[in-house]
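Next come two complexes built around chain A: one with chain B, the other with chain C.
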Partner chain A sequence: MIRVAWLVAMKDLRIEMRSRVLLWQVVPFAVLSLVLAGLALGPEKAGSSSSAPGLFYLVVLFVALAVVQRSRGLESTPGTRASVATLGLDPAGVFLGKSLALTLELWVLGVTLLGGSVLFLHIALVGALKALPNVAVTLGVMATAGTLYGALTTGGDGPVTLLPLLTLPAFVPLLVAGERSLSAALYGGPLWEWWVIVVVALVAYAAVGIAVYGVLEES
Partner chain B sequence: MSSPAVALDDAVVTRGGFPLLAGVSLRIDRGTLVALRGANGAGKTSVLRLISGLERLRSGAGEVLGIDLLKGDRRELRRRVGWMGHDGSFYEDLTVRENLEFAARALRRPLSDIDSALDTVGLAHRYSTPARQLSAGQRRRMALGWIIVRRPELWLLDEPHAALDQSARDLVDELILDALGVGVTVVISAHDDLGPRLAPQKVVTLSGGRIAGSP
Partner chain C sequence: MTSKSSRWLGWSSVVLLSVTAVMGLWVTPPDVVQGDLVRLLYVHPALAWVALYVSFGTAVVAAGLYLWPRTRSEQMDRVSYCAMEISVVFIALTLVTGSIWGRPTWGVWWAWDARLTSTAILGVFEVAYLALRRANDDPDTRARRSGVFVILTAVNVPIIHFSVIWWKTLHQGASVLTSTGSLNVHGSMLWTMLISFVGFTTLFFWFLVRRVALESARGARQHAALDAALEMRRREGVG
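The block that comes next holds the complex of A and B.
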């Protein structure tokens, strides 16, 4: 399982580095969304508003959906699916590999967006650094959940628009926990309970994904 | 006497309630060449997909390479077949070599086989070209390279001569003859005659998801 996970993760990351979709399409989209969020708040409110953590995670949500869709798209052409299916890869390994690659991609986006939030939403740099570990784990959960729901929507030739519809409700608790933990890091308050939520979610999605990914792929 | 490579008995395959195969019975001996003929939509590709473990057997019985299609491990079966579909799709942003390397690593095949496979299919000079930049014929060659690296026991080729020039057709025929020479079983779907070099032991004609004739 670990061998397959590593193989799939390296393959997805190599494709990403070659195509540069993340660099030239998703990152500009993310930064633009953040700038627009800052403009929507108004320049005089952006610096003092407690809405910054929520806006940060809203933008994270949009870009996460785009990246999940992209990750799924790599496998979804009928020819590729047939060719790769005949390799008989361990589905749990495929799930973990795709989740790992997606997590690393989301980390790049997360760091970029935190930097952007310091610039455009004027959040404190120290607070952003303090929130970084929690943001990293939250993005890991999003990647894991996204990989799982991605298999659910495209495994059976489902329409691509189904992915956001199914994934958004799953992301809501993460969004709330992430926003609260970022607020706590920026403006003070207890962090640990939000840690519990994201870690439990990570373990739960990973366990479910390992158990059912193969079934979803076959359906 | 060894068990057949493929044994289907009244095999039914459906997709979305629509029968792709409506009771196909077929026996293919090991080390033989079999051609599946028929018009578009006759069920040729569905038979290949069922044999490869890509489609689920809805009813009837089937065994491929000793693996039961209903109760057996279809993932294990897939590892042992070589599939070449219509479009020869791969990871478009990976190079020819990287695609073959992925297959070799996935199946724990020696990476040293890749260069000779690329030589064999005439793609050695395009090893660093991303798959998306290949022509239709080159994609077919890459699909063949993928099969060579994998060393499967059963080759399933869906219209392997489509979109190929004469030299590429000759290459396909040569590789099939080489495979047959070492005991591999080859099943080919084709609209037309397979040409003068390939003489199938069995020609199966399909129509409407059933076998219409097998001389």
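The block that comes next holds the complex of A and C.
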């Protein structure tokens, strides 16, 4: 399972490295979204608002959706899923591999967006660094959940519109926990309880994904 | 289930809900604090009970039975789908009745309360479930994906249930039974609530039986149409 996961993760990351979609399309989209979020607050308030953690996670959420969509898109070309199926790869390994690749991609975006938040929303650099481990785990949960929900939409009608509808409600606890933890890191407060929520979510999504990914890919 | 039993379920729910209406509107006294607003509480908790536990619970159990290879059958998928569809209606009614009660009590139609928000999120999940079903034509794919989605969504129910304990919110805690097992409601008020719970539960099962029968008939008609089309092609080939 670990070997398959590694192979799939490397495959997805190699495709990303060669196509540069993340670098030339998703990262600029993420930065633009952050700027738009700041403008929506108004230039005067954008730099001094306690809404910065919420805005950061809202942007992360929509960018994560784009990345999940992209990750599923890699499998959607005709014959790809059938070819993967004939290789007889362990579905649990495929799930973990795709989740791992997606996590690494989201980490790149997360660091970019945290940097952008320091620049545009004037959040404290020290606070941002303090929040980094929690942001990393939250993005890992988003990647794991996104991989799972993404598998539900493959091949059906309107996957582009269906994925947000399925995924966003599942991201709500992550949005809340992430926003609270970033606020705690920036403005003070207990961090550990938000850690518990995201770690439990990570373990739960990983366990469910390992158990049911094969059932979804069979269909 | 025979049409006689189904009719029995239907009439039972009509009688029980009529009794609830009469008792709730005329027999029970106004509440000391809430006045006549309390009458809405003979409906709202029962609707929530059916939406979250009975209806959604049935959908989860049926989805689990479909995904389990030994108990897999089209009927399980149908039951899960129909229960989920009915749950959407009951969740909507729960939110609407809660909102009507909340406006005079809390001063707003909607509060960012943990129970309200988590219930609304479950409602969105259920609408997403219906969209997911419509996105897949192949019956097996549709059933598998819907089944997994229902199971994933089930995690919301304990969150909704314990939300009033985990977070300090506007929504009140347990209405009828306290955590120590003692009763919060008494006399005609208690009876009205209990009859309402039984009435709405019976109504749900009546809806479910009728809806599953309709879905089975639709499935049978699709199979018959497919068989007829195949037969026509076969004749064309032979001719």
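The criterion applied here is as follows: the second predicted complex is superposed on the first by the 214 of 219 C-alpha atoms of A that agree within 3 Å, B and C clash if a C-alpha of one lies under 4 Å from a C-alpha of the other, contacts with A are read in each partner's own complex, and residues count from 1 in each chain.
Basically, contacts are C-beta pairs under 8 Å (C-beta built on N, C-alpha and C of every residue); 3 or more make two chains touch, one makes a residue touch a chain.
Treat the numbers as computed from the prediction; the structure is a model and nothing was measured.
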>> Between chain B and chain C, whom does A:Ala136 touch in the aligned arrangement: first, second, both, or neither?
In response: neither
>> So in the superposed three-chain picture, is A:Leu87 touching just chain B, just chain C, both, or none of them (first/second/both/neither)?
In response: first
>> Under the stated touch criterion, which partner chain does A:Leu13 make contact with: chain B (first), chain C (second), both, or neither?
In response: neither
> Which partner does A:Met1 reach: the first (chain B), the second (chain C), both, or neither?
Replying inline: neither
> What is the contact status of A:Leu74 with respect to chain B (first) and chain C (second): first, second, both, or neither?
Replying inline: first
>> Show me the chain A residues, by the header's touch rule, that chain B contacts in one structure and chain C contacts in the other.
In response: 218
>> Please output the residues of chain A touching chain C within their complex, sorted ascending.
In response: 148-149, 152-153, 155-159, 162, 165-166, 168-170, 172-173, 204, 208, 212, 215-216, 218-219
>> Which residues of chain C touch chain A once you look at their complex with the stated criterion?
In response: 67, 121, 124-125, 127-128, 131-132, 134-138, 140-141, 144-145, 148-149, 151-152, 155, 159
> Which chain A residues qualify as touching chain B in the complex?
Replying inline: 4, 7, 11, 14-15, 18-19, 74, 77-80, 82-83, 85-89, 218
> Residues of chain B touching chain A in their complex?
Replying inline: 49, 52-54, 56, 75-79, 81-83, 85-91, 93-94, 98, 102-103, 105-107, 130, 143, 146, 150
